[in-house]
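Take this structure first; my questions come after.
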Amino acid sequence: MRYLLRNLGFYLIAFWTSLTLDFLMPRMMPGDPVSRMLAQSQGELQPDQVTQLRHLLGLDNRPMWRQYLSFVHDVFTGNLGVSISRFPTPVTQVIGSEIGWTLLLGGTALLIAVIAGNLLGVLAAWRRGGALDSVFPPLLVFVGSFPYFWLAMGALYLFGLTLGWFPLNHAYDVTFTPGFSAGFITNVISHLFLPAVTIVLVSIGGWMLGMRNTMIATEAEDYITMAEAKGLSPRRIMFRYAARNALLPSVTNFGLSLGFVVGGALLTEVVFAYPGLGYQLLSAVQALDYPLMQGIFLTITAAVLAANFLVDLVYVRLDPRVRVR
Amino acid sequence: MTAAVTTVSQTAAGSPGPTRRRKPRSLLRGLLGNRKAMFGLVLLVLFVLLALLAPVISPADPSQISDAISLPPSAAHWFGTTSSGQDVLALTLWGSRSSLLVGFGVGIAATLIGIVIGMLSAYFGKIVDDLLSLFTNIFLLIPGLPLLVVLAAYLPPGQGTVAIVLIVTGWAGSARVLRAQALSIRGKDFVAAAVVTGEGALRVMFREILPNMASVVMTTFLGCVIFGIGAQAGLEFLGLGDTSTVSWGTNLYWASNNGSLMTGNWWVFLPSGLCIALVAFGLAMVNYAVDEITNPRLRTRRKG
Amino acid sequence: MSNLNTLLDIKNLCVTYRGGARELRAVDGVSFSIAEGEVLGLAGESGCGKSTVANAIMRLLKPPTEITADALHFEQRDLLALEGRKLRSFRWREIAMVFQSAMNSLNPVLTVGEQLADVFTTHERMGRREARDRSADLLRLVDIDPGRLKAYPHQLSGGMRQRVVIAMAVALRPKLLIMDEPTTALDVVVQQEIMAQIKGLQRQFGFSVLFISHDMSLMVELSDRIGVMYAGRLVEMAPARTIFTRPLHPYTNALMNAFPPLSGPRVELTALDDETRAAWSSHIPDLTEATPGHWVAPTPEGSHA
């Protein structure tokens, strides 16, 4: 319990830090961002937008602390401002329409990569020196060395353009109406396939190698020797004794690497024009839509922190030593 | 008994106490004998040479626009040309300079920050450690790329911005690893002995703790460089870097922007991405090897 | 050596670690045997090879270690020839082992009950409920409340953990129990409890014990015979009382006197000087029978003083 509460407190502090960062960033920028935006939009900004911007960026002559308080208040009441590039849609609405796709893509890819990666790692460690152990890790490390977006581009080119097996962009063809029909779902899957596979390929090497190394370290523990002395079958030792313990550092690492996976997913979205938060973030940046940018950043941060908390819950379940009364 | 066989007692009588310094020479020797390390090192040296010699061996000025638009690889242009007539080989060669420079620069900076934080945490302990760890963990948790993107959007574009932004998002990883290692060495007896005999703080940190962390510092550094190169490429690909410089990332940015992908000009985006991968792979191989050498359990057992 | 029903027979056991350029002989030509119901103590300092002997018997050593012996027989069966499934079913049923640190030999993420039941479900193909009942019986055997089946290792005290491990070892009523420094990690009071427990169980079930320790006084209490090892070789082997009252080898003497007496005048601790150690480490000769049942390795000077 104490472990969970302590972590929760920590996540709240982390969120508060990103909040504050979010608040400070526009105010610390050199130059006048509003004029920059005006210049970029070539005078197309409406007065409403300008006022909104000034308010957002703290250029409207209110004392700093008051700005901060209203900012925090706004965030916690779900008011993330109004998007400039899609004026006057509120930021929360824009985000809400996109977050589902990111979750779908990221979630699917993550699950596959984690489960497959860890299983491969366990097997590789168990058969030291075998094909799995000597060939796969370097191979997967090599594949993982490629930047996400490059692999995505390659996959898009090869399978989408040249071979025409998969659609080139977006989450689904506009000819379909969203719903739970079989046709729609298959279409979604065909659009999802390439981006998801890209993410899986790049990240799976890390999981496999990490689990493999942890397993090897675990195998040196005394309780494994004891389990062998007891005459238990190799499979039981591998799973109930070794893997079960090696899982613990894996779970911890999973939480920490969520941030990276999010990054990778964002880049992949850009390449495939997949309408998720990443793609949205980039277009917001290009349009200098600061409210939307900040809103997305906060959302992603909150999501990662929440996911970390979930991971902590799982960890407590797995490691009895942490459940101190 | 043959001379090669030693009995247990000799080793038992001969051990003086907890080993103090893992000789850097043996690590180097280990690396040179390790196939993975050699492979990685050769790759890296190759790229560094190419980067240094780029002005000399490049077939053309990379920013030179010409009429030879979108040509596939040929004898005249080994890697073909872009949609604005620039020679891709030249772009790739010149791009290595910026990518490697920023990559290694970020790697060094992030590692140095990590060392400082790690040692401060380990030596002073308690409150200093708590505060520093909190700070580190927060930055570890906040997702990197979104932060990167937002920061880059706010700051004026340029190489300096890219470097700063990368360091801000990258230091936490090295800090965490180095702190853990420093702490574990701090707990060893010889450090306690040094403190008790009155060695000053700086001396303890740099002459007792740091030398024993050498291999971890090395792996951390390599990891940071990988991060630097990859993150820089990512940032530039999104158009948030300095689009006027030539680097592998910006090459890919222009390739994507000019629709080379969609028009099937694969030769424009292939080389830069491949280079990033090769450098990252080389670094990873050296890393892998350092890990294996310092942790004998990870070595693949030779059969027979 | 006595001939009544030899259980374990070891002749010229050698264990070699091959580490690339170097070779290390951890155990060099050790021979002894254990009879049914006998308690044999194996004494020596850290690094003398006694744990290696135990691990060799249990076949727990992994490459690049090499085990060779003229004979490594258990009840006439060649232990070195066992592999795979035969080895696994042999283990624990015939020979079981109690490791030094119970905390480290218990799986931290499984309950005590699950780890006890493991033995039954593997070797006797029992169902879960029956295995659980048998596990409860085992705990009662070592004076632990069966309610503790649901506890995790870190929730038990050091002494309790050691008793759990001992209970686990006798689960299948093996004929030989190897105990590798079972009390070293415990404080003196708990040590006594554990020794009493072991004695009680040995009397109750009549298994043989190979008791390994560096604490001579502890061993003399329990053992019938004691063997002293140094640098991978046996230097003396005799009935416990004899070793205690009339040690013949200088090393045994030093070992016995390593613990200063709590009362009486202050005496200097006996220790071996580096010269002697160096002289011995090159070659310790085979044991010769000094008096009936009392075997000693002759010291280089030729005398046994």
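A few points about this structure:
Chains: A, B and C, in written order; residue numbering restarts at 1 for each.
Quick note on the criterion: contacts are C-beta pairs under 8 Å (C-beta built on N, C-alpha and C of every residue); 3 or more make two chains touch, one makes a residue touch a chain.
On a predicted model such as this, the values are computed, not experimentally measured, just so you know.
Ranked by the number of C-beta pairs in contact, the top chain pair here is A-B.
Ranked by how far their CA centres sit from the centre of subunit B, the chains are topped by C. One finds 23 Å separating the Cα centroids of subunit A and subunit B. Averaged C-alpha coordinates give centres for subunit A and subunit C that are 54 Å from one another.
Averaged C-alpha coordinates give centres for subunit B and subunit C that are 50 Å from one another. Contacts with at least two other chains are made by residues 301 of subunit B. Those residues of subunit A lying in contact with subunit B across their complex are 10-11, 13-14, 17-18, 21-22, 25-26, 28-31, 33, 128-129, 133-134, 137-138, 141-142, 145-151, 153-154, 156-157, 161-162, 213, 216-217, 220, 256, 258-260, 262-264, 266-267, 270-271, 281-282, 285-286, 288, 290, 293-294, 296-297, 300-301, 304-305, 308.
Interface residues of subunit C facing subunit A in the complex, by the touch rule stated above, are 58, 60, 87-93, 96-97, 99, 101, 104-110, 118-119, 122-123, 152, 154, 168.
By the touch rule above, subunit B contacts subunit A in their complex via residues 36, 134, 137-138, 140-156, 226, 230, 233-234, 237-240, 252, 256, 261-262, 264, 266, 269, 272-273, 276-278, 280-281, 284-285, 288, 291, 297-298, 300-301, 303.
Subunit A makes touch with subunit C in their complex at residues 221-223, 225-233, 236, 240-241, 244-245, 248, 318-321.
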